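Shared chain: chain A. Partners: chain B in the first complex, chain C in the second.
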Partner chain A sequence: MVRTRNRNDRRRSGLVISKRRFVASVTIPLLLYESLGIFVLGWAFVLMFFDYSPGRLGGPILGLGGSNPFVGLRNFVEMFSGDSVQATLFRTSLRNTIIFAVAVLPLNLAITLPLAWLLESIGNRFKSLYRTIYFLPVLTSSVGVALIWMSMYDPQAGWINAIIRAFGGTPVAWLSDPRAGFANVSIAMWAVIIAYLWQDYGYNMVIFIAALQGVPHELREAALIDGANSWQAFTRITLPLIRPTMLFVCVMTMLSSFQVFDVIQVMTNGGPNNQTQVLMLDIYKSAFRYQNMGWAAAESFVLFLVVMGVTLFQMRVLRTDWEY
Partner chain B sequence: MKAKILALLIVLTLVLTACGSKGESAAPEGTIVLRFWVHTNNAFIAGYEAAIAAYEAEHPNVDIQLENFDYELYLQTLQTAMPAGEEADILQLFGTWTSQYYERLTPVPAEVMTVEQAQQTFYAAPIGGFIVDGVLYGMPQEFNMEYGGVLVNKTLYEAAGLTYPPQWRTMDDVIADAQALTQVDETGMMSVAGFHFACADPTAFSFLAGIKQRGGDYWNADHTAFTFNTPEARAQLQFMVDMVNAGVVDPVVFNDSTNFVIDAFFQGKVGIGYIGSWAIALGQTNYPDFADEWDYFYLPPIQGDPVFVADSGWGLTVSPNSQHQDIAWDFVRFVTANPEIAAQWNIASGTIPAMPAVAESPEIAAAMPWVPKALAILPYGEYLGNMPDRDLVVYEIIYPHVLNALQGVETVDQALQAIDTEANSTFR
Partner chain C sequence: MAANTLSTPLAQPRKPFGWSRFLGRFLAYFILTLGLSFTLLPFVMMILSSFKTNLEVLRVPPTFWPENFTLENYLKIFNDPQLPLLRFYGNSAFVAVFNVTSTLFTSSLIGYMFAKFEFPGKKILFGWFLTMMMIPTQITMIPSYLILAKLGLINSLWGLVIFSAVDAFGIFMMRQFCETLPNELFDAARIDGAGEWQIYWRIVLPQLGAPLATLGILGFMFNWNAYLWPMIVLQKIEVRTLPIILTWFNSTHTGQGALVMAATVLIIMPILFVFLFFQRWIVQGFTMTGFK
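Coming up: the complex of A and B.
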């Protein structure tokens, strides 16, 4: 009896040790990884108070001070009230980023939600095929997408202008004409928005399809029996029920729109006349092209605040207090 | 248990070995390994490989390992590696960057070359950027001449019934030829630009050269501020706008992002393409099937002497963290200041030599017939000057505003005012 209890105790303590080992082996690397991430964020936070360039030697502690002087909040004051080229570019970039995000979100929803609804309503035979086709651009490299659209927008050899010519219209320099615009937004910005939407819409469409599949058919059928038409059933039943998904899609689309970089860098590099210069591109150029790391860190902080503010606003507006 | 401890020790040893090796590959005992970083340009790399082979043949105990990075990545790599002290022993550096990096560089030892010797050995423009506050930090390999050189399409010239080779005495002659070369499609869009000068470097450097040739300057007397809002700058920018109005180029369809001059020229869409001679090797590499006949010429000055400004182009320097600085500097001197090796590198890379002795050599004239055409104007080249941020001033201030003026988005006065204000703001 005593021997059995000892054996059990030993087995239990062995289990506890192996559990602890497992926890330690998982937690320690994770903590190390996280601390690395926190160090990077902390370094960026410190840098935004300095006029820091990696090309300069600076002071003895991490190169801060000396020829990389402490400037306090001067970077932020300059951003919003200065007349330097960096301040002007920052304000232009912020405005363009907001235009881009505000245009992309409703356009994305206007494409993906009806498309998801349409795909959900067709027979199972073609559903997978269409879903795959529409999702393919998401899997494509952003640089590849940008190059394809650049060739289509080419003013002389692009097929968009070829169609315009075929109908007797005047061709447009889509990516390089600073004078052309639509709805007070430059034509180059619309051109990159269209390319970005084309690549991105499949992602939200798949999420909406999943959400639509989760809506109980009984609710919709009951509404139809009570005399509602399809549109009313969609807007009064389906749409409110997928509101949590809508919140997720809106937040994620807004986040990615505020961080757009690769498509624009390849297609226009911010041109023409800075009309497509967005914040991520400006941060990248400030940090790595012009070696102004302090300024770039301050810009990143502003972008973080903007994104956080917009996300909190969306969560408040689209919040739901019920489940089904 | 012992086996586990042994296994852990082996892994730890491997990890520590990997961390401590700094990427050096195995080399025979007694061999000195030097790492050498350059930006990716296949023509340049071919030249470096030949120079390394020549040096290693003379110094069998030295192994120079060449590593190349895409241009943008190279900038980022330098910016992250230098503060960490992890950069290579030998670094390729664009001369004009020296004023931004000199705190992290080591001066050229006097026994390798003094400032005075360098100024006698190299043209003024290429060496200018490598000297900061009277100290020499590197040695140039090329005369980075963005002013004045043009690719000319002989096939288009003959199709337009023009005399070839061009007989330009003034810029009016160039404009007349360009007008005859320009073609417009049925919708009114320009399909062939007679004279494509609307890319970033040609636009910026012809603007600066025009100011100089008209007797002005874009620096104040002590180089502490820019002076872009001057009568000379206004006259030059107006001259460029007038060329657009004369129909030689449509800067909306032909600029830096659409129909870049090298691509457009080697696709037969440009009659006269304004670009540095470095474009020749690149164009031949990228467009081997281009069938039109062409050559490289130099434009006449706006007025007076062909005074122009130039960057200090690519050159070499040594890291202060190198364990073998003496050998690294010896290699740099071998590549940059040995006329035979320097000439081989210039021929391989298609660049204009930084040394007059090399530029004037028959070897260069045979391999690069456009260089003798430049010899008359090379001595007029002045160094651009140590700007607080050269790339910001040239690519984010001068070029965008000049292009705005050419495209009709800004008036000449608005563009000059903006350039003056924004360029001076970089001094803060």
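Coming up: the complex of A and C.
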């Protein structure tokens, strides 16, 4: 930093030094800490090219090599074209994860956007009370959510079957029925999707409410005065204006539903017949139950690529380059 | 049409009161209340079941109101020597408080530095942070576990805090806030002879009260409810945090639905009360940050 010389020169250079010292004392520990992060990342990257299990002794560096041999791309080839049990299970999990995410996103939007819009359109008196209650499940531990819904889904004493019986229907074993339900997706999968939606919708609602509050009233009112009905005002004015929020909500919802774990692990643990086995669950089981960590690392990388691809696609489609 | 619009006085009420407007309002409240009941009913069922006997929850059709209102389940949980609840609350609180404190400190300090200091490599370093933010946990989970195993920190609560000292997201958020603080504030303090750390501690931190509160509460919730990573790290029962204890309790008490619901109430209720106290901060925080 070059400064013009003047009488305060000594004092200024003292300030510069103390600033530099401050920056150094923050960045140096930070760099050390972050290089741990890079190390972890590098390790994860290397791991997927090995047949690694922590129980085997292996080579001198990170236990790689020796009885944990280098396999190159074989993990990936196996995943997509092999017919071993774990390869088949991986493909089932990938399929289930995509089904889950593809079902959750539109259902979530179909619940949250109208409710947020209605909540925003009614007066202020009840707004915060409604919003608070809708938000409660978001803060509930997913394990709690899973247990509550398991008791509701109970085939004998659960409330959902009680309602079905009251209307004269046949009760369903929600969490253990592998039969295909609506849209050829298994009943158990629908059951976990509903529980997941219940936990999650309050979050997007709150975000939509904030976005709707940010839309200038004049624009909507001008449209109404021009003879548009509320539906037209909503689809032609409000919806395009909250498009950046839409992008955010879509990306975040997709990200978290591709990585769903807690609710499914507790409710079905992947069953029945692996109908609800999702990728995170498969990765967890491969890595920590079967100690097959090279394989699990390769699976995580595929999940990462899928999530990345979906995010980039959404950003492409929903991007805006204007402001209001 | 355009001429017509121009001649309309702006102050004119949008629509006169009428049946269609009343009906619209009614319908709006109806749908919202329906959604509200759907949101609340599972909680109500949980609480009511926890006051029933284990036999009553098995009954078909289920009873809504407890027939014999009983505290038996709660007493059983409190008196269970295998389930030292206070200890598990302590474990959860330790992890949450430790992680929140350390991330609040590092986020504010590093965010302030990125906002207000110029140094070579700043942009690269910040870009690096943003990249790290995008890397999902499932990628780093396996090597992190292996490192903890090497360090002998499996089954130790310290294993849950060692990788959580720096939160890229918190840094990003704090940087945004620090950028809005006026430079004159810091220059004045420097002229008065304050050291850089003093400026951080006495001037920057107090200004960051609101965003720190938001970040802290959200971080607390996140840590309190965390499930996957604690489950991997904490394999022995004594060191477990509450969500893992809850699944363990459920699997060891099958067929005792009321008891499990009572445990669920005890474990999820504290956080809901925290929410009711701090709800303004939290809702604001979620919308401000999009943090989950």
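Rule of thumb we're sticking to: the second predicted complex is superposed on the first by the 314 of 324 C-alpha atoms of A that agree within 3 Å, B and C clash if a C-alpha of one lies under 4 Å from a C-alpha of the other, contacts with A are read in each partner's own complex, and residues count from 1 in each chain.
Here is the rule we go by: contacts are C-beta pairs under 8 Å (C-beta built on N, C-alpha and C of every residue); 3 or more make two chains touch, one makes a residue touch a chain.
All of these numbers come straight from a predicted model, not from anything done at the bench.
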item: First, second, both or neither for A:44, with chain B first and chain C second; value: second
item: First (chain B), second (chain C), both or neither touched by A:156; value: both
item: Which of chain B and chain C A:306 touches, first, second, both or neither; value: neither
item: Chain B versus chain C as contact partner of A:288, first or second or both or neither; value: both
item: Partner chain(s) touched by A:121 [first = chain B, second = chain C, both, neither]; value: second
item: Contacts of A:130 with chain B and chain C, given as first, second, both or neither; value: second
item: Touching partner for A:318 - first (chain B), second (chain C), both, neither; value: neither
item: More chain A residues in contact [chain B versus chain C]; value: C
item: Partner chain(s) touched by A:170 [first = chain B, second = chain C, both, neither]; value: first
item: Which superposed partner A:194 touches (first chain B, second chain C, both, neither); value: neither
item: Contact residues common to both interfaces of chain A (with chain B and with chain C); value: 54, 154, 156, 165, 288
item: Of chain A, residues touching chain B in the complex; value: 53-57, 63, 67, 82-86, 88-89, 154-156, 165, 169-171, 173, 175-179, 268-269, 271-274, 285, 288-292
item: Chain B residues within the chain A interface of the complex; value: 72, 75-76, 79-80, 82-83, 97, 100-101, 103-104, 185, 187-189, 191, 252-253, 255-259, 269, 389, 391-392, 396-397, 400, 403-404, 407-409, 421-423, 425-426, 428
item: For the chain C and chain A complex, residues of the former touching the latter; value: 1, 5, 8, 14, 25, 28-29, 31-32, 35-36, 38-40, 42-43, 45-46, 49, 57-62, 106, 109-110, 113, 117, 119, 125, 128, 132, 134-147, 149, 165-166, 190, 195-197, 200, 221, 224-225, 227-228, 232, 242-244, 246-247, 250, 257, 260-261, 264, 267-268, 271-272, 275-276, 279, 282-283, 286-287, 290, 292
item: Sites on chain A touched by chain C in the complex; value: 15, 18-23, 26-27, 30-31, 33-34, 37, 39-41, 43-44, 47, 54, 62, 111, 114-115, 118-119, 121-122, 130-137, 139-144, 147-149, 151-152, 154, 156-159, 162, 165-166, 198, 202-203, 206-207, 209-210, 221-222, 224-227, 248, 252, 255-256, 259, 261-262, 265-266, 280, 283-284, 287-288, 293, 296-297, 300-301, 303-304, 307-308
